[in-house]
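Two complexes come next, and they have one chain in common, chain A, joined by chain B in the first and chain C in the second.
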Partner chain A sequence: MSNVLRGFSLAFAAFREQARAEKAHIGNFWFGVLSKLIYNTMFLLFIDQLYARVGHFAGYSKNDFLFLYLTSQLGFYICYYGIFFPMQRLVQIVRNGNFDLLLLKPVPHRSFMYIQGMQPYDLIFTAAPSVAILAFLINWGTLQITLGSLLLGLVVWTSGIVICNTIVFVLALPVFKTGDATDTLSTFYSISSIGQMPYSHLPGFLKIAALVVFPQIIIAGAASEVMLMKADMIGVTTLIATVAVVSIFAVNLLWRYALRNYTSVSS
Partner chain B sequence: MSAIEAHNLRKTYRSRGNKKVLSGLFKPDWQYKHAVEDVSFTIKRGEAVAFLGPNGAGKTTTTKMLTGLIYPSAGDLHVLGYTPFDRNYEFLRRIGLVMGNRAGLNWDLSARQSFELLQKIYDIPRRVFAARVKELTELLAVKDMLDTQVRRLSLGERMKLELIGAILHDPEILFLDEPTIGLDIASKNSVREFMRYLHKKGKTLLLTSHDMNDIAEVCERVIVINHGLIMYDNSMQTLNKQYADIRYARMEFSDKTPTREFLQKHGKVVSLVNNTAVLGVNKAQTMRVASAIADKFPLQDITIEQVPLEVIISDLYSRK
Partner chain C sequence: MCWFEAQRFKAYPFEIASGIFSRVAEVFLYGAFWVVVGQFSPPGAINAQDIVGYYLIITGLTPFFYSGFGIAGMTVDMIRTGELSQTLIRPISPIVTPWAMRTGRNLINLSFGLLQVVVGIFVSGGLRSQALPFLIPVLLNTAALNASFNILIGAVGFFTTDGRNAKNAFLHLATFLRGEKMPIYLMEPHFAHILMLTPFPASLYHLAILFHGNYLPEWGDVAIGSLWAAALLFVSIKVWKLGLRKYEAIGI
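Showing the complex of A and B:
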């Protein structure tokens, strides 16, 4: 129990430090919030214009599509702020040698690295307005969601996040061997936009690729389809959850391998 | 009781010899380089030891193995009874590392804010933490800088605060890698004084530095490593004794300057630049040599000094 409390207290302290660092450059911070809000507004205007011309798109009504976009946005913020940023920081600190200082601290190194790399303040202030606007625009009463589909959808969504974490970690891994992974890692960001594609309408090879290359499709497309009962719920959930469990083992092994091969930059 | 026990430590790195993109994949032609070949030593608790060597000698690799940052390829290693690369939390609480070219403090925050995180990480009780921060910042004269954003501090102030951050948890062993690099004389002196203070408090210090004044003022024992092997391991006193019979005569000539060949007849020419020569001579013969030279080449000034530590260490580096 005391370990759990210590863990929480430590996580809170690390979050607080991060939030303080984010607030140190407040002008930069608010421009970041503004730019993401503008992006979302533009995308919503695009959806509005698209559905003004076509009633349905790939089997999705406008309301369904807004729900898909909401799921995608929630996944994006978690992946971007909770996974991508920490990995970006990992690459940076391995390159400049500050990873040494992390390894010397009596903390669970991997969890601590994630917490230190997140930007909690930015996450809350950037995600909240976009998510709130989307949630307000969706007509929740007309969505075909049951408790069962919602739970299975959440399993798919969480599995997508887990797979995403493994993929991003694999992209960051070369830094331990070759000393850089900046560009390898940025490929993840450049393929994020694929998340808004309806899962069941993808060709078979892309569905498979989603499990190992484009997890954003799972987080957004597959999860919302399962929730809206537009796909084989049990089949999709089982497949994706299995891959997620395997990927947890894979990422643990890879982390151990990375530490074993860590050479630490010369000083 | 020993703080560090290293037996036959070795670290070998593997790199691809065949750099060609395609054929290198199939025929990599692995090359092996021993960064540390065979290093054994024991350090007692409370000792202040200088760990020296030229660039690429293997001292940083050894320090990194001692702190558990990298795995040794072979050998036995125990630090405070722990195997460092197990990264046991208890072990990590008992060691500290200061690296002159690494930033442990968050640049966007004040040092106090970074220290608050360290307090949580090391579970330091609030009162103890407050007392320790007060004591250490007063000792290093950086109390007024505690609430300044780290990026706005001078290098010296930052280094002092980094040092405080590294010992806030009161470690038993402190590994110091170039702690005075880039500092001005006043800051160097202050950091050295602080290292002496830590040593007096019974801390074990392992200091790596290219600044021989750091070594001379803080350490009582010297380990010299080169080509991944230990070249020398003895007390500072013994090291100095080996050169006790030699003196350096620094002569500034007023009129004509003698040739190198002439000076070589009287001793070892250490340097000859413009009208100044430094001659290594036997201590007992210093005055005789000086007067013999001055007879032919009038002197403007002469200084007799002990062999500088840089020269002694550099001699050790060049030993095969």
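Showing the complex of A and C:
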């Protein structure tokens, strides 16, 4: 029990330190809010213009597509602030030697690194206005969602985030080998640049690519498709959840490999 | 300076690989999106090949005119970290220095951009003889507008130390309004007409459709672009000088 309390207290301290650091740059914070609002406004204009042109596509009405976009943004913000930033911090601390200090601390290293690196303040306060506006624009009454489809969709959505975590870790891995991973990690922006595609309508090779390279397609396209009952719900969920479980094993192995590699050369 | 910055690719070969991978991934995803939209929308609404060609051209042109505002971001960083002081005490231009550095760092994007434009021209048909009279004024507009955007956003760094996200906010705005997410010729006519009154289409879209070959800009729109280019270039240099004066007074 005391260990659990100690863990919580450590996590809270790391969390609070990061939130303070974020609040220190208040100008950047407000520009961040503005940036997200503009991005979402522009994407809404894009959806508006696209649907004015096509009417509907792949069984998605404009309202369905807005829902797909909301699912996508929620997943993106979690991956960006909760996974990408900790990995960016990992690259930094390996480069400047502070990773040694982390390894010396009597804490669960990986969890501590994630909690210390994520940007909770930004996640909650800069992303919330955009998400709220998006949620407000959706006509929830006309969406075909049942409790079962919602739960299965959430499984797919969470699996997408788990897969994303593995992929982003792989992108950060070169730092343990070559001493830098800034650019490889930056490819995160490209692989998540667009995921608003209906998963079951994709060609086979792209479905596979989504599972191993483009997780945003899973988080957005596959999850919303399952929630809206536009695909074989059980089949898609089973496939993606299985890949997520495999990816958890993969990331654990890679973490051990990275640590072995780091400790053998750093001391 | 440009060559010096490009040397980093030798030290970190992963950076070359990831630079290429980033570009390929983006092109692949956008291409896939439009192919899916074209395939599963009512017949005739979307010609996927036409849009993929257009997308290759417009995103291929981006690094040549620094339309990702990387120079602005770099200027903001130089001001924030005080690196600009080192430039100011040397006999080099503080406006041109980030340009040179960025060009070196952008080598992969420039090479891949050129390849994209060539492939895009091949896919969509390419420059036609009717487009030739437009080429010089449209090129000048594109260069001047992107230069002024970069200077103007970079100058934000003089007034606030947290200008990075300001750059991102402007980039999100520009990316849609200059037709990078969706060609303006596919948008609703009244919306497209309103857009033509802004500086954004002249900053990239006009040049992209010239290379694309299936559409031409109107002379009136090009003239509006020229007016914007002259006005924004004047304003951006004024704002830069104003910011620099403030920085020299307290920054060094």
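Operating definition for what follows: the second predicted complex is superposed on the first by the 261 of 267 C-alpha atoms of A that agree within 3 Å, B and C clash if a C-alpha of one lies under 4 Å from a C-alpha of the other, contacts with A are read in each partner's own complex, and residues count from 1 in each chain.
The definition used in the following text is that a residue touches a chain if its C-beta (ideal position, glycine included) is under 8 Å from a C-beta of that chain, and two chains touch if they have at least 3 such contacts.
The structure presented is a predicted model; accordingly, all values stated were derived computationally and were not measured.
Novice: Quick one: classify A:181 as touching chain B (first), chain C (second), both or neither.
Specialist: A:181: touches chain C, not chain B.
Novice: Given the touch rule stated above, what does A:98 touch, chain B (first), chain C (second), both, or neither?
Specialist: first
Novice: Output check: A:27 vs chain B and chain C. Expected answer is one of first, second, both, neither. What do you get?
Specialist: second
Novice: Could you look at A:17 and tell me whether it touches chain B, chain C, both or neither (first, second, both, neither)?
Specialist: Touch status of A:17: first partner only.
Novice: Using the superposition on chain A described above, determine whether A:189 touches chain B (first), chain C (second), both, or neither.
Specialist: The second partner, chain C, only.
Novice: I'd like to know which partner A:5 touches here: chain B for first, chain C for second, both or neither.
Specialist: neither
Novice: Tell me which partner A:147 touches in the superposition: chain B (first), chain C (second), both or neither.
Specialist: Neither chain B nor chain C is touched by A:147.
Novice: Among the partners chain B and chain C, which is in contact with a greater number of residues of chain A?
Specialist: Looking at chain B versus chain C, the one contacting more residues of chain A is C.
Novice: Looking at the overlay, what does A:58 touch: chain B (first), chain C (second), both, or neither?
Specialist: After superposing on A, A:58 lies in contact with chain C but is clear of chain B.
Novice: Under the contact definition given at the top, report the residues of chain A touching chain B in one complex and chain C in the other.
Specialist: In chain A, residues 25 are touched by chain B and also by chain C.
Novice: Across the complex, what residues on chain B touch chain A?
Specialist: It is residues 13, 60, 64, 67-71, 87, 89-90, 92-93, 95, 97, 99-104, 106, 108-109, 113-114, 116-117, 120-123, 149, 177-178 of chain B that touch chain A.
Novice: Using the touch definition from the top, list the residues of chain A that touch chain C in their complex.
Specialist: By the definition above, chain A touches chain C via 25-29, 31-32, 34-35, 38-39, 42-43, 45-46, 49-50, 52-59, 171, 174, 178, 180-184, 186-187, 189-191, 193-198, 201-202, 206, 213-214.
Novice: Hey, which residues of chain C end up touching chain A in the complex?
Specialist: For chain C paired with chain A, touching residues are 12, 14-15, 17-19, 21-23, 25-26, 29-30, 32-33, 36-37, 39-42, 45-46, 160-166, 168-169, 172-173, 175-177, 181-182, 186-188, 191.
Novice: Considering only the defined contacts, which chain A positions touch chain B in the complex?
Specialist: The touching residues are 6, 9-10, 13-14, 16-17, 20-21, 24-25, 96-98, 100-101, 103-107, 109, 260, 262-264, 266-267.
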